[in-house]
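Structures incoming, each one as structure tokens.
In what comes next, chain A is part of two complexes: it sits with chain B in the first one and with chain C in the second one.
Then we have the complex of A and B:
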């Protein structure tokens, strides 16, 4: 009995980490979002809802809408491109599919900034005579490039569980390819697709480097907006309110992710 | 199926295309000689490696302790720890970078090497815990008990019965923490302070001004480091699969 409690102090590093480095900083952000700042950019400990009111200002509200739009369109694009790929992988023998997955993951071991740097060179090729660098289309393509594996891997593990004989049965009974997808494949894999979508959507809400570098920082997205508030214009309460909003949005989506993952796994 | 295969090759090519450009531009003598002449860049590179090594040692040791502590926790305690571990992994990274900045400023911790190290430990710790928890769960306690029965000293038990079983987990956790720390931009960007610069931040500022060929040589070096570290962890993984 006492042996069990003898080592309970070992949990101390975890508690220190959680309270000192995760929870503490977050609580401070929440607190800061309710404060104001003076003209020198110093945070003043006076309670106010100013920052939240400011967030509703059309100027800042547009930033949110643009971010949501970018995140949603990147998510849809990633799912759309990744689904057929994942389906192809799922019909391959296991060891071949594993080799493909290794092939896809290798580029992602290299530093993200260097990959973005090289991706800019790809965008500069201008095969159709239109430049994609510093445009929204370029940003979207870079998001696709960076987040595709986030969608691909969960989609693969969902599709892998679909028995080929079900598809063959539908095919033998005269179903068209479209019918097979809509009536057989989609109902089975739907929850996996939702999970994969959230795994792209949540991190892409806070993306900073792609809008800053590929987009040239022309349009503010949430990530670039936050950087600006904290490092350039020193409006910490406003930035904190935006973080609270971001984290709340992510947290409301998380339980859905957990349930969908559970569904997808059973 | 044939069409799907062509499609998959095209997507894979899309994912590889930037890497081809990096390797093509970096694999020449001129780029490498420029890199070797650039003492400032090499200095930053070495400091980043030092930061990554320190991070991975501390993070892995603390995660090992935590993994052992979890064994004696109640199932409720374990669930709480699991939630606490997963939270930093799923929330957007920028929220952490900024909350560290605000927190460190509040507690008067000077921004620089120490704040970078603390922030890097903070975000690699989750990943290390998951790896080490898995590793500790798979320990064969019979071997440890046998060593005890045969009268081994506490040190001998640890050295010969426990440590070899933990080693694959320790290697995997170290490799992961090392590469996460070396690659991190966003969190370092907010807590770096004025004097301290990590490699990704240096690359970022070079991208906004002028990119020299030496950057491409450096990316070849970084690519080799990551391939090498993944190979190490894979080899260790296969080794344990074989022995068990």
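Then we have the complex of A and C:
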């Protein structure tokens, strides 16, 4: 056997997982999206583009827009908070930075649902007579709270690779602090920022629990919309079409960022 | 006295707060006083943690001293920003900007100074020709070899025409052959430009090759400042003697074992000892006559190593003390391993050093 392939069998479990649990079900979803349903919610094996036409309805279009807006704003906010902090961490001695990272990670060892419910109590606190519970702002805050580490950790690993002497060299050569950031630090770490952004943006698109619990389900986001189609309205074809649309959306983003991300992760 | 010309460091102190070792923190410096005239090649030499890099960073403006001041051409620059000093730094790992081409790296300083484009081009051309990297201009920095990166870093610093160039372990990342070539190139570059080069290095041969004067540092202080010859032949302390090359140390305890003109040996008081360089010792057959002006010591050969130009012999005297002898490689070895031989040297070649370091 070719020596290059002698360890090929090691990927067998992964292939099984990928084909049976990812690709297979996804094909079924694609198939379902082209079917229709009867009045009892049963999927009928009749080919139709009905669900996709329905998706174009302004009502659903709003859901997509709102979802995109939420995902984009939580991503930007996460990056905005995480980047300076990650930079600060990256300049600390390693053992000190590791302590900070532990502090960030420890809350994430508690159950996600528990964390959200606990966060609800934080949002209920009314110092100025306004409550953020069941508002879009509350949803955004909860997203921020949950997704910040996903931005922080990749940003930290990107920034940590930037040797301080590179920044000092720029300073020595006459760059102001602003110029050091714009001309040196940002161009070097930009790809890491894209990677971190993707890690927040893509899961944010499909986030279900936060809009459902913190938003009280008042406003449909893609996640809550899907749950509704599959479990309440029993419109599986429409839900499937929405998923296909979501995946396509994520896929169109990927190639544009793929190279940048690859740079950042290597 | 503060000279108006060149760089002057007065009583520089810097402590680093270190939670674990509150006593002597690594890398700090104490009472550094130095005067480096314009155009000199100067090296800060010492083991890691001796404070040589800290001293360089203080000169460069990246660290500020807790105490003392730095005067450059009569101007106090102790707290001046690095970019406002007439001093540039070449960093240890070159610190090239990975996102910029070689050309953009080199002209970075001029761009920051908003120098007009035609002049940028002219000066880039000039410096890249001087440093012989004109063919690399369009490359990315990751396509360069270690030696090329080194040259680009040099060009990037020199294009701003600083009066003083600081080089932090400039050659440590290069392999031996390239290192030796770059040492000579740096030397001729400095002579051509007439600027001051201050090196930090832990490599004594490098320091001796590229500098007019060397400051040997140990535990945050300067042990000795002098020309390479002074430092090598007339070290003040045991530390300097053993850091620069190899050395044999003998105390009063060895005196009874020594024969020959012992009365001509310099006097050593408490806290002093004799130092003899290995190449000053001649191995001789046991029983050979000891000429006047020479001393000798009987020792047993332990090990012989042939190094090409030299032959290194390790021998032990009766008290169990080990000696290192360096003789020309073309001579046949005097004694075989376990054989007893005579170690001879001229009393003139016996130098007195302080047993302890000065600090």
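One rule holds in what follows: the second predicted complex is superposed on the first by the 233 of 266 C-alpha atoms of A that agree within 3 Å, B and C clash if a C-alpha of one lies under 4 Å from a C-alpha of the other, contacts with A are read in each partner's own complex, and residues count from 1 in each chain.
Simple rule for what comes next: a residue touches a chain if its C-beta (ideal position, glycine included) is under 8 Å from a C-beta of that chain, and two chains touch if they have at least 3 such contacts.
These numbers were taken from a predicted model, which means no experiment stands behind them.
Undergrad: Determine, under the contact definition given at the top, whether A:70 touches first (chain B), second (chain C), both, or neither.
TA: Neither partner.
Undergrad: Counting only touches as set out at the top, which of chain B and chain C does A:133 meet: first, second, both, neither?
TA: Touch partners of A:133: none, neither chain B nor chain C.
Undergrad: With the two complexes superposed on chain A, say which partner A:188 touches: chain B (first), chain C (second), both, or neither.
TA: Only chain C is touched by A:188; chain B is not.
Undergrad: State whether A:174 touches chain B only (first), chain C only (second), both chains, or neither.
TA: The second partner, chain C, only.
Undergrad: Which chain makes contact with more of the residues of chain A, chain B or else chain C?
TA: Touching more residues of chain A than the other partner does is B.
Undergrad: Who does A:163 touch here: chain B (first), chain C (second), both, or neither?
TA: second
Undergrad: Based on the superposed arrangement, let me know which partner A:113 touches: chain B (first), chain C (second), both, or neither?
TA: A:113 sits against chain B, while chain C stays out of touch.
Undergrad: Going by the contact rule set out at the top, does A:100 touch chain B (first), chain C (second), both, or neither?
TA: First partner only.
Undergrad: Contact residues on chain C for chain A in the complex?
TA: Chain C residues touching chain A: 60-62, 81-83, 88-89, 91-93, 95-99, 108-109, 112-113, 156-157, 160.
Undergrad: Show which residues of chain B lie in contact with chain A when the two form their complex.
TA: Those residues of chain B that touch chain A are 1, 4-5, 7-8, 11-12, 14-19, 21-22, 62, 65-66, 68-70, 72-73, 77, 81, 84, 87-88, 90-96, 98-103, 106, 118-119, 121-122, 125, 129, 179, 182-183, 185-186, 189-190, 199-200, 203-204, 207, 211, 215, 218-219, 222-223, 226-227, 230.
Undergrad: Which chain A residues qualify as touching chain C in the complex?
TA: 163, 165-166, 168-175, 179, 183-184, 187-188
Undergrad: Hey, which residues of chain A end up touching chain B in the complex?
TA: 4-5, 7-8, 10-11, 13-14, 17-18, 21-22, 24-26, 28-29, 32, 81-82, 84-85, 87-89, 91, 100, 103-104, 106-107, 109-119, 121-122, 145, 148-149, 202-203, 205-206, 208-209, 213, 223, 226-227, 230-231, 236, 239-240, 243, 246-247, 250-251, 254, 257
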